[in-house]
Amino acid sequence: MKVVTGVVGNDIHVVANRLIDISLEERGFEVFNLGVNTYLEEFMDAVIETDADVLLISSLNGEAEGWCRDLKILKSQYDFRDVVFMIGGNLGVGEMDPELIVPKFRNYGFDLVFHQVDLNEGLDRLEATLEARK
Amino acid sequence: MSLLQREREIIVSNEYIDRFDFEEVEEFIKGASKNLFISHTFKTTDHMLVQPRGGFPTYNKVFQLYKEFKEAHVDVLPLTIDSNTRLNDYASAKKMLALSEENDVDMLNGYPLVNHGYRTTRKMITHYDTPVSLRHGTPDARLLIETALASGIFEIEGGPITYLLPYSKNFPMDKAFLYWKYVERVCAKYSELNEPINRESFGPLSATLQPPAIVIVIQLLEMLLSLEEGVKSFSVSFSQTGSMLQDIVSSNVIKKLSRKYADRFGHEDATINLVYHQWMGAFPYNKEYSDSLINTSTVIAAMVGADKIITKTRNEAFGIPTKEANAMAVANVKYTLGMLKGLPTVSDEEEEENLTNEVDEILEAVFNDGADTLWRKVFNSIKKGYVDIPFSPHIINANEVITIRDPQSNIRILKKGKLPISDRSFAFERSKIKLAEGERVVDKIIQDIGIML
Amino acid sequence: MSLLQREREIIVSNEYIDRFDFEEVEEFIKGASKNLFISHTFKTTDHMLVQPRGGFPTYNKVFQLYKEFKEAHVDVLPLTIDSNTRLNDYASAKKMLALSEENDVDMLNGYPLVNHGYRTTRKMITHYDTPVSLRHGTPDARLLIETALASGIFEIEGGPITYLLPYSKNFPMDKAFLYWKYVERVCAKYSELNEPINRESFGPLSATLQPPAIVIVIQLLEMLLSLEEGVKSFSVSFSQTGSMLQDIVSSNVIKKLSRKYADRFGHEDATINLVYHQWMGAFPYNKEYSDSLINTSTVIAAMVGADKIITKTRNEAFGIPTKEANAMAVANVKYTLGMLKGLPTVSDEEEEENLTNEVDEILEAVFNDGADTLWRKVFNSIKKGYVDIPFSPHIINANEVITIRDPQSNIRILKKGKLPISDRSFAFERSKIKLAEGERVVDKIIQDIGIML
Amino acid sequence: MKVVTGVVGNDIHVVANRLIDISLEERGFEVFNLGVNTYLEEFMDAVIETDADVLLISSLNGEAEGWCRDLKILKSQYDFRDVVFMIGGNLGVGEMDPELIVPKFRNYGFDLVFHQVDLNEGLDRLEATLEARK
């Protein structure tokens, strides 16, 4: 299974990104890590180019919302039906209510949304989703 | 018109800003209240200055934040800049600012100073008549710093290394050096008009397992690059390592070496201050524990004898703190510093000797580089991996140095990569490390990142 | 039947208690879980033990309190006794307990253990299977201690001096010595059946400007009086002075001297532990500041290297803390101790020499008293004012010693009264004091009491 | 003006008591300090014996209520009309609502009740009351 990952927008928090890379490798994924400071368009291009199964976006600095609201438009330009769109980290500026933030990002077009959720829990959920899709 | 002035004219002619009136700005700085200059506060105060972090997208929210801070008896106000402005993306900043203003939701993680402009911002700064420190993380900060100084912000954080390696993925480093040279010069120039503008380096770097030797090397290099351009007041800094002893040792060494190298390069007249950052790594998801962590940082800051402490809040793990939480943190830190008495003077000869050696060894290698100017020597040294920080997102960083904690939580160098430290120094580092049978380095690193959780 | 046993039979034949079955109690202690003995925990643990304070009138409230504490990973549970029981006023305790039970309002500031009885209380203690420490302040604690030990409480705080001078107005001191001799003997006797019963002295005394020399003298005297009767596990203690250095110096000296005097009196086989009390004086009326104070105490406890820390809560200035506030304090202290690493070893030769001299000088004067037994020597010394604590409510206390703080907040002896310290030692104390021109001592004292406000 | 003072019941907190003694002296009162651990009956006897104008009771350990509920009965046994009855300190176990505690003690027969009120503020109020009674 191929995963494209990275940190979206003008966000340079790299620590989680490094750990995500390691964790995905350990779980047997083939990882294409675009690193920090990656724009949505770059992610989409990489997914197409690598024919990835999963796009796993991180955002830590709180600015995810501004960078992800156009996902629907970008998704409509190509057939991404088989790709799992996933986002996690710290998805808002200030302390956020997960009850409000999760639906918002699902509405932008993410299949799996994890606001301040443990990485392993998130990756377990990803594997379960992939399993179910088989 | 000087070359510098010509560059300045170009820099400030940006579609996102109003006409920039250099003459008026000069007049303003000449006549500005001494209370706005932290360099003056350092001279006239004997207690540790307390400075929080903080910035919101809109003017009103920052104004209210400052009000809360003042009620908590803050010593230095912060102005933290949003991350679009940090990456010179003024268009995104503008868009997000507009959204923030319309919807009363913060769409930026800081204050887009360039978009607000100096005329507006200065009103707030002079209103509070308290030193303000600019916190950004911008490799090309030329326009930002022009705007800040014109606003009455007379302390500028950052530098070509510390605001690049942790803060950028691929901004060209040579440019960063040149752009910061511009900043130093502008600061030096304005320093002649009134009290000196204070420059501060950002010692925490990527805030994750940074070995003190590399932190200090970078602090001293940025200090020298700044003094070289005529800056007269400079703060070196570092953040809590996770070991009280390592903090004390770092402090003793950086105090000694910053003076030594400043003097050696002919800057006997420059004032050097020490800034301590409360824990900069990952915070616990428990606000009470965060309070405990913050208080412990405060006690350590007092023990290391810093001139200024930069505070965190109980909201750190959750997001940008509310103004109330932020002001409460300031009040608590002030309380602790006020009641904490009878601080012993601590030192550790062996550790200090080793750290001093490492710093001297790396600096010697940097100075021995064949380039003609100091900034080129530093640039080459980073390219060669002589200076290499763990967990940098930047492509130029060698990423070969690996650090883990010893049983006392001191950060030690496990793999030295291209660091030009002696075998003796490296043996000392390695001698402290205890990896359990079969323990994987990656697991140890994950654990060592999360020691405060 | 031995004399002691005959006295015991009388003591436990009290109208407020059920039939006391000594044989059954002995069996219980013989077979009791090792986990109930703090002496065993001290031996088998390498981290600092955390113990809160706490007690409520009713069984159910204490049971719930313990539950909260356990969830916060407490190491040692407290059982604090109400102040009527402390003064052997079981009738008032009974009345107030009844009122508390009926009205669901706490009419007592602690647990009236005698009225509850050991059969009931033991259920709770064995249920939690965690060491419990008895905190009281009772000059005549004979019945209380019989009840405690029978309940499974295997650490007994107090002593004839530390539970009299700060805790009583006119209870006869000679009786206090004899009653505590009884307590020591019972503890010593039970210590032979299983793990040793731990005795702990109460170093904070009146918690107000207590000079370390007098605190340590009293700690050592109570230790010797206890070991003399066969106790094998003893904890000396002191509370935060307000100066980090004075705490460290006190700790270094008390550790050294407790071992020295124990050995000198032939008690090489006794284990001596060190207990540190978080700030025991007046707390700020601000819960955030109280948290900061508590955390600072924790850091200092770690620096002094105590074996156990006794915690306070953010409610201290307001009243008996809720169980939630109390458990939260425990969790915070545990968190801080867990993350605090790299503690330096600190000492101050000159201060330690002076403090050692003072303690030796006072002890020598005590030992030189003409009486035939140690307790009589101590008794006479207190009457003569050789041992004299500031702010004692007790009529026997000389009240001549006056202490104030030096600029580093160290507590110093301003007037030595009859304290048998040398001119040299006294000159050292006086040399540290700085009173401002025209400053009244009483104003300085008021200010020095309130340093944490 | 004569003041009888002390700490009521089985309460041995002496620090405030010492400061109260000093403060009263400084304000020109003649002070009879019974110290800590003083019972209500002892206070009443001392007031009668010294012909005091003020009875100033402290309580810190939270047990004041139990010790003061009988004040009314004791007051009825003698003519205390000219005496100001005053109590202060920490008047309940646990954190108390002053709105509830003050009326309670007034009802017991105290003219002036100060729960966790600064000493100087309390003494200022006492002096004002004495002034008004002239």
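Lettered A, B, C and D in written order, each chain numbered from 1.
We adopt the following convention: a residue touches a chain if its C-beta (ideal position, glycine included) is under 8 Å from a C-beta of that chain, and two chains touch if they have at least 3 such contacts.
As the structure is a computational prediction, the values presented were derived from the model and not from experiment.
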item	value
Contact-graph separation of subunit A and subunit C, given in steps at minimum	2
Farthest chain (mean CA position) relative to subunit C	A
Distance from the mean Cα position of subunit B to that of subunit A, given in whole angstrom	30
Subunit A and subunit D: spacing of chain centres that average the CA atoms, whole Å	68
Between subunit B and subunit D, centroid-to-centroid distance (C-alpha), Å	57
Subunit C: positions in contact with at least two other chains	none
Interchain contacts (touch definition) - all pairs	A-B, B-C, C-D
Footprint of subunit B on subunit A - complex, ascending	9-12, 14-15, 17-19, 22, 35-37, 61-63, 65-66, 90, 92-96, 116
For the subunit C and subunit D complex, residues of the former touching the latter	83-84, 86-87, 89, 92, 95-96, 99, 106-109, 137, 166-170, 206, 208, 282, 285, 315, 318-322, 391-393, 442, 446, 449
Residues of subunit C that touch subunit B when the two form their complex	241-248, 284, 286, 288-289, 291-293, 295-296, 298-299, 328, 331-332, 335-336, 339-344, 346, 348, 408-410, 451-452
